[in-house]
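Consider the two complexes below, in which subunit A is the common component and subunit B and subunit C are the respective partners.
Let's look at the complex of A and B:
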């Protein structure tokens, strides 16, 4: 247990911070720790959480994905057309929505790998294209999502918020097994040192393509879940999610230089960010001062993460 | 390895956006002959200066191997500060509007630089956090409404005046770029900036005081953003909430199209001028053609991708 905490120090710190914040939140909330409060909280957290997962896959291979929000907007508008009607139709629709996200991610990956352009620039440009497509589908917000399905996904199962169940599924059924596969290890190898990965026989191009495709899949899932929460399609939801997803992965201990961090950390970072925002709402701080406090807390949290530098024994250690 | 070509102000990469500008004008004039009129083109120069000044600051930071995401609210903060000072009606404070806004930009730039250079926080996250703190300050200060205040005649002249038929804003932009190009090419600071962009560790080991160079670069970028904000406020005759948000991504696009490597070390301001002109003209022609928002976004993205692909493919063929 102690060994686990030592080797996953970043995730453990993030998780501890999250638990403290959540306790304060539930303690100060006028309605206390009811299922209702938890459900609303978990839904908001999971949207950003899935976006942070998407960002994680780009960041872990030393890239960045500025199109996360745009893919969410596009998949959200697609969902607003396909998620109504017969059960079979809805099931196909959900597959199509996530598939669209995967295609967007694959496109990013193909341009990054074969065009040899930096991911930050590629995704900046493709984000513009994806938002354009979303606007073609929904020039103004509208459309509908099957209410029964939306309720099933955003309420609770036996008192436990469905969003938390989904989070658990992502971690236990997807991430923990996935991390041990060749591809999962390949992601870390590529992020740590592309040259070493290449020389140990890893197909770096394939791994990078897979990483960006996975980023697209999770952005698609984020868009899908966003549709369940809002039950409409809106092409304008992107910008906030992209930048927040980057802040979330960093808070969760994922290093932007690649190779370090985990999906659990990314999720924890996103949950922390959203919990701070919800905490503000009931904190009694004047509403006009809340954005400032949110900014200060974000900056403080990130600065504490950077305090490691002050402990460096040799000044050269800080240049990595 | 720093070859002589990399410190030259004009390279083939930096000429690409200019070819793009010419192609855009020729292609656009087939559909709308009025694009060739002097009025239309000088108006483009005037508008391009706003994006251009922001991109000038961004180029300095990107040459360093970093990125500045605080541009939107440094811009908005400078605009709010300057219009508020003028709005007091006190002639003394009105005269201070522009210098105060520039000092504000430099201060925020310094905060950006300290976080990046001393605390070693990735610039992409730290400047983002600074941006959200500035947003919070602005909301607290203005109560979430559009801030009251007005622009001084000086600010209006900077944004909309002209001299011998050339817009003032364009002249200011070119003057700032020329000055900074001189700094980049001729002074030790310029060399340090590039060498940090190539390899920070090596620069440090060669005795460069890397933190001070990083802080100075971010301060220059903050002042450029603030100047852009002051001039935008002069152009609109007011400051308004989130006036800077639409500028962030086009700014980065302008720098990259201008041939500056996003990894740092390679590039320059000459290309950025072309990049800003290209993006302004592209946006303008797409809106003159009355293309809907959706297609405008798509075409914008595709053209930027095409230009980037062209640049890397050309390099691939040369090797």
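Let's look at the complex of A and C:
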């Protein structure tokens, strides 16, 4: 157990911080720890959580995805057309929404891998393309999502917020098994040392392609879940989510240099960030000052993450 | 499956060019099963390139490779692995952020992108136990292992792939003698069960212990292949060097014991890598630092130049004790040090910038010099006979030897009192080497002092007035005059006590 905590210390620290913050939040909330409060909190957290998962897959292979928010906006507007009508039609629609996300991610991956262009440039460009498509689909917010489905996904199951159930499914049914596959390890290998990964016989191009596609899938899921929460389509939701997804993975202990961190950490980071924002809302800090405090907390968290540099005894190692 | 009459691996007319540099030039090479084949050659002779071709890391410019008599294309390490060609790389192929277990899983022969079953982990555990690595926890992150432990994991990773041809490229450089013996037993067993082994080492006694057949490479060509014992060391060394060694080096002037002390280091210590090192360098002297890789000589030099944090000890230049806080302090005229790093491509140069811009880098930040003035470099560029197509071209357009000249020129512009050079001739052709030697000697004659770290003991013997051999962070022998012989240097590098006494006698 102690070994486990040690080798996953980043996740353990993030989880501990989250629990403390959540306790304070529920303690100070005027309506206390009710299912209602928890559900709203969990929904907000999961949207950013899925976006952070998307960002995680790009960052772990030493990339970055500036199109996470844009893919969310695009998939959200698609969802606002497709998620109503017959059950079969809605099911197909959900597949199409996530599929659209996957395609966006694949496109990013293809340009990065075969065009040999840095991810930051590629995704900056494709982000504009995706938002442009979203605006064509929904010049103004509108559309509708089936209310029964939306309720089922955003309320609670036996008092437990559905969003938390989904989070658990992502972690236990997807992430933990995925971590034991060749692709799962390959992502880390690629981000940690591309040369070593190549020499170990890993198809580095395929793995990088898969990483960006997975980023697209999770951005699509985030867009889908956002649609359930708001039950409407809006092409303008992107920018905030992109930057917050990067902040979330960093808070969750995922190193921007790649190769270190986990999906659990990314989720925890997203939950922490949203909890801080909610805390501010009820804390009496003027709303105009909230970005200032959020920024300070974020900067502090990142500084702690960078403290390893102080241990380097060879100055040249600082640059590595 | 194996055709007994065909060699396991045959390479014909293999050439490998990197730009203007010919790393391999029309090489034919054979490798048979049930044989340990040692490959010898100086740095830059083409050994590592050959291994990378076999392992699928590089593809030859021309020539073909056959396995069991059939032409194959080794387009990636994965493709090479399918033919049973496995390389244990000198630069480790382990992923630092993953655990030992995950690294072994990744390297396993049948691992794809799907579920990893963990076949072969037991075998890897057995291998580790046999080579003294039973303490290595499978759950430990590779980045937290020591260098010898990483090499042990590399060996286990290579052997668990059940290779038909196993390449060991300096596989045991960080391991202690007793562990090396265990690794050799394992390699012999692999050989006897039908594996071909290609073995690269710079340690003659290891080749003596393990090899059946020896091939010598020089300047990208195979000189000769022969059974072990067919030639003695002297003959082999002559094959490796290919030229009378003395002709490469400028004559040594007599030592002037009256010369003033330029650099005096007392008790330099850093972590457990450099232990209480004392060194005195006189004006006009070339002092060599020798020893096996990573015995503290490199760290000592970095420490001197202020690259290491929390070093202890005293450094005095021309009698004035100074604290050197970093490269910027070290290059100021009151200190006057210059450091030519080991890895010129990443630490010595900015490859994409022009020759001109690179030249200016060292003089920037020196208040008394105008870095933009071409006259500052004209003299040293002429002395070094830099071959270039225009100073505004990127440094990456130059050959390795000329790149090194740029690094030298940028520091010479500062007229340093003492030059620190970390293996400046590694991977450089013989002609440029000779030029660099004569420049160093000329600089010394003009009153500069030189500290030269070298892995090539001929440089220590032929060029240096005095050589200090490092072992495990300490200077174990200080040799000069008639004591400066290959035998003494090698013995000291391996820390054989008999020679240690001789050196002090």
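The rule is short, and it goes like this: the second predicted complex is superposed on the first by the 310 of 320 C-alpha atoms of A that agree within 3 Å, B and C clash if a C-alpha of one lies under 4 Å from a C-alpha of the other, contacts with A are read in each partner's own complex, and residues count from 1 in each chain.
The rule is short, and it goes like this: a contact is a pair of C-beta atoms (placed from the backbone, for glycine too) under 8 Å apart; a residue touches a chain by one contact, two chains touch by 3 or more.
Computed from a predicted model, the values in this text were never measured in an experiment.
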item	value
Touching partner for A:183 - first (subunit B), second (subunit C), both, neither	second
Subunit A residues touched - subunit C or subunit B, whichever exceeds	B
Touched partner set for A:23, first subunit B, second subunit C, both or neither	neither
First (subunit B), second (subunit C), both or neither touched by A:34	neither
Partner chain(s) touched by A:197 [first = subunit B, second = subunit C, both, neither]	second
Doubly contacted residues of subunit A, that is, touched by subunit B and again by subunit C	315-316
Residues of subunit C touching subunit A in the complex	55, 57, 76-78, 81, 87, 89, 91-99, 102-103, 105-107, 111-116, 139, 141, 157, 270-271, 299, 302, 306-310, 326, 347
Contacting residues of subunit A [partner subunit B, same complex]	64, 66, 111, 115-118, 120-122, 124-129, 131-136, 139, 239, 243, 246-247, 250, 256-257, 288-296, 298-299, 302-303, 305-307, 309, 315-316, 318-319
Residue ranges of subunit B in contact with subunit A within the complex	67, 69, 115, 118-122, 124-126, 128-130, 132-137, 139-140, 143-144, 200-201, 204-205, 245, 249, 252-253, 256, 262-263, 292-302, 304-305, 308-309, 312-313, 316
Residues of subunit A touching subunit C in the complex	3, 7, 177, 180-183, 185-186, 188-189, 191-193, 195-203, 206-207, 210, 259-260, 312-316
